[in-house]
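What follows is a group of structures, each given as structure tokens.
In the two assemblies presented below, subunit A is common to both, partnered first by subunit B and then by subunit C.
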Partner chain A sequence: MNDKHVIIIGGGPAGIEAANYLANNGIKITLFEKDEHPGGNIKNWAKLFPDFGDASVVRKEITDKLKHENIKFINNTKIERLYQENNHWVALTDNEKYYGDIVLLATGFEVFDAKRKEELGYGIYDNVITSVDFENMYKSGKMLTNEGKIPDSIAFLNCVGSRDEKVGNHYCSRVCCITAVKQAIEFKELVPDAQAYCFYMDMRMAGQFYEELYRKSQEKYGVNYIRGRISEAAVTMDNRIQIKAEDTLSALPMKMTVDILVLMVGIESSESTAKISTDNNIVGPYGFAKSKSLFGMDNLTEKPGLFLAGTCKRPLTLPETIADGRSAAVEIMNYLKS
Partner chain B sequence: MKNWGFNISKPRVIDWDSADTSEYAKIIEKVPSAQRCLMCGACAATCSASNHVDFNFRNCHLKYRRGQFEGLAEELDKCMLCGKCKLVCPRGVNTRAIIYNMRIFINNLDYKNIEQ
Partner chain C sequence: MTEKKHFWNEYQKEIADDNYFYERSCIRQSFFPGSETAFLNILRNELGLTIIDDPNQHTCTGIGYHSDVVPFDTTMTICARLFSLMTDKELTNFVPSCVTSFGIFTEVIETWAQFPEELEKTRQFLRKATGREFKVPENIAHPSDIIYKYRKELKKKMKYQLVNCHTGKPLKVVEHIGCHYAKIFSKHSVGGAEFPQVLAGMIEEWGGQVIDYPERRHCCGFGFRQYLVMANRGYSVANTKKKFESMEPYKPDFVLTNCPGCTMFMDRWQYTIAEMEGKTYDEQQMGIPVLTYEELTGLLLGYNPWDLGFQVHQVQVEPLLDKLGIKYDLKDKFTGVTGKYLGEPEKPEYLKVCYE
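And now, the complex of A and B:
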């Protein structure tokens, strides 16, 4: 068993967790990461929901698991193609071929490109930002408008790129509602006198302590929740953002000017996820990779020896992603034993 | 009889048992996408007519669905059928076709002449 070689594609939480578990069991791993640094999308986050855990600490804990004699970490390397050849898997980079007995796909997600929702003005108006931009702003400790002014008001818009037929994504990204609650609280902590508004279609607080955080944001921080989807954003003379929504609960159209508009961008399958799963006929809806069965065989695919972990399958939270990486590792161990 | 200036006010509840919800089935038949509406209000927010007059497509749609036709015919007349609502709908609902069909059906229903 220990002469078997596992290729893991993707150095995010799922891939690293699986690599560490397998390495501890004496299995040799080659882990490919397209970026320079491991850690996947956590890089973009400052604090994590629901407990405001420091993302850099969590990231260090995760990436420290790569330090293992059985793990060979190859960064700055993108797998262009993955295919089977004489009972082996071949991972092709732009100039090299790597062979493995087993492949774990942990290619994760990418956030929705907010420019595709042109009516919301991202990339057109300076003070329209995404939730990822917000995290970077928060990390820098400076919550300022593009003009360097301390904002008096901020609006968060949920479901940008999720639950939207116009961009082809029918699904709910699951993490944006709670992220908006988290960011609204963070904003109010930095700028207590400012107003925070959260525009939503449904507040989906289906996670432990999510509802409590939502409640706290109303009770302690006075975050305003408005049920209505922002249909368009425009800029005013002084470079503020004017938004239009319907306040559906009072059945009246609403106009509001805010200093910053934050678009809560959803989760989409990453380019590598879509490409590799399409090439190997395991692609499911929206370019996510499809597991063999949601119940019991969620880390397996229709291709023997090809396994899945994490958000390459569907939108998941960070704890779910880590657990799924471990679960995939156990499935790989079982496969090697049989 | 002496008029004391009092009258009986109309009930303010949606009486589901007596509401005519069968009319909405006709809309669904004509415009199946109507069923997908999640009442987010993006249509009402972007509406050109509602900038000038008191008009709310989402609300009209919901009232029709609930069988509350009173005053609806006049409301629906305010729509200019520009179709901007259709452009912003996240569920791809054919809002323009809904309003068009609601107008046709409601005028047949003669609710316009209800006096109460």
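And now, the complex of A and C:
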């Protein structure tokens, strides 16, 4: 078994967790990461929900697991094609072929490109930002408008690119509601006198401690939750953002102006996930990779020797992603033993 | 900000090069009578293109359809007859003069694409009613699409630019594309529904500055039933007021419109608001001039303002002509083509005008 070689595509939490587990069991791994640094999308986050854990610490804990003699980490390398050749898998980069007995696809997700929701003005109005931009702003410790002013008000809009027929994404991204709660609290801690509004369709507080955090955000921090989607954002003369929405609880249209509008961008299949899944006939809805069965064989595909882990399959939280990476490693071990 | 805005240009549509069938608006020739003639002149004389203006044409039913008095089956059949006139001329490029007509035609054609049985049913209706046959247009372009397409060529022929000749600064322009141009099918527009480029592209090409104000996308106030049902007209005025209040701080030099209804309501309701409330949205108590894109193109090409029909505008355009450096003779303002004096309209009580 230990002469088998596993290729892992994707150096995020799922790929690294699986690599570490397999390496500890004597399996040789080659792990490809398209970016310079491993860690996947955690790189974009400052603190993590629901406990406000430092994302850089968590990321270090995860990426330290790459330091193993059985793991060969190759960064800045994108797999252009994945295919089978003489009972081996071939991962093709732009100039080299890599052979493996087994492949684990852990190509993760990309955040929704908010420019596609033109009516919300991202990329046009300076004070319309995404949840990822918010994290970067928070990391810098300065919560300022583009004009350098401490904001008096901020609005968070959930479901940008999720549960949205217009952009073709009918699914829920699962992490945006709780991220908005987290970011609203972070904002209020930095600017206690400012107003924070959160526009939502449903607040989906399905994880452990999520509901408590949602409650705390209202009781302790005074975050205002408004049930309704923003139909349009426009810029005012002083570069603030005018919002039009409907408060569906009071059944009234509303118009308000805020200093910053934060778009809670959803999770989409990454380009690599969609490409490799399509090439290997394992593509599922919305370009995510499709597992053999949701129940019991969720890390397997219809292609023997090709496994899946993490958010290449669907939106998952970080703890779920890490657990799924470990689960995929167990499935690979079972496959090798058989 | 200017650099960021460039990605609006990604939203483009196919606009036929030449050989158009023109479908006139029901109301424009009364409200802004020089616009359609100017468009035909621009295409034929300035650009050397072919456009057929068939005298046998008729309504698209748009106003009746959006007022719920004409059923969609009737609308499809009436549109089919217009397409049959185009087919008679062996043309395939259909150019409706009105934004609502443009919305109607694109809706009808999309319906036929999605439900082919509706197309067959319409063919039968038209055959039974008139004995006529038709082809579905291969290309539908709004006239502003064509002006946009040829904006660079037209610029070379223009005598004036959208620059204040006294200050040398670009004129500040509010553009309004009309709801039915892009909000029904953004894919059939230039620039999409949110940050449309069709009029903005002309303004920028010809030296002006587009104002992006908060109520840029809001309805002009027409809204069909909001105006056509008399009891709702307060709602219509209120919506126009909302737009003008939003644009007022930016001090626009004029409003450029795409749609017959929008031109009408943004121009005439300024008079109504002025008389009701003693309020105009400029500093001279004259209102903000509202121009169609054909009128603007004609003006910059050097056409006589009174040939373009500016004397029937409610808000007077003379202050704008002065900014552009365009010479005009007030004696000609109310003189007909035969030289006969046509008389002056009654003067408003509050809104200032340029006649005695």
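The criterion applied here is as follows: the second predicted complex is superposed on the first by the 338 of 338 C-alpha atoms of A that agree within 3 Å, B and C clash if a C-alpha of one lies under 4 Å from a C-alpha of the other, contacts with A are read in each partner's own complex, and residues count from 1 in each chain.
One rule holds in what follows: contacts are C-beta pairs under 8 Å (C-beta built on N, C-alpha and C of every residue); 3 or more make two chains touch, one makes a residue touch a chain.
Note that the coordinates shown come from a computational prediction; the quantities given were computed from them, not determined experimentally.
S.K.: Look at A:201 in the shared chain and tell me whether it touches subunit B only, subunit C only, both, or neither; answer first, second, both or neither.
M.R.: So A:201 only meets subunit B here.
S.K.: Now for A:152: first (subunit B), second (subunit C), both, or neither, which partner does it touch?
M.R.: neither
S.K.: Now for A:232: first (subunit B), second (subunit C), both, or neither, which partner does it touch?
M.R.: both
S.K.: First (subunit B), second (subunit C), both or neither: which does A:248 touch?
M.R.: First partner only.
S.K.: Tell me which partner A:166 touches in the superposition: subunit B (first), subunit C (second), both or neither.
M.R.: In the superposition, A:166 contacts subunit B only.
S.K.: Identify the partner contact of A:126: answer first if only subunit B is touched, second if only subunit C is, both if each is, neither if none is.
M.R.: The answer is second: A:126 touches subunit C but not subunit B.
S.K.: Which partner chains sit in contact with A:118 here, subunit B, subunit C, both or neither? Use first/second/both/neither.
M.R.: Touch status of A:118: second partner only.
S.K.: Give the label of whichever partner, subunit B or subunit C, reaches more residues of subunit A.
M.R.: Partner with more touched residues of subunit A: B.
S.K.: List the residues of subunit A that touch subunit B in one complex and subunit C in the other.
M.R.: Residues 119, 232, which sit in both footprints.
S.K.: Given the complex with subunit A, which residues does subunit C contribute to the contact?
M.R.: Listed in rising order, the residues of subunit C that touch subunit A are 1, 4-5, 7, 192-195, 212-217, 249-250.
S.K.: In their shared complex, at which residues does subunit B touch subunit A?
M.R.: 38-47, 50-51, 56, 58-59, 88-92
S.K.: Which stretch or stretches of subunit A touch subunit B in the complex?
M.R.: 119, 159, 163-166, 201-202, 227-232, 244-248, 251-254
S.K.: Which residues of subunit A touch subunit C once you look at their complex with the stated criterion?
M.R.: Per the touch definition, subunit A meets subunit C at residues 115, 118-119, 123-124, 126, 232, 234-237, 242.
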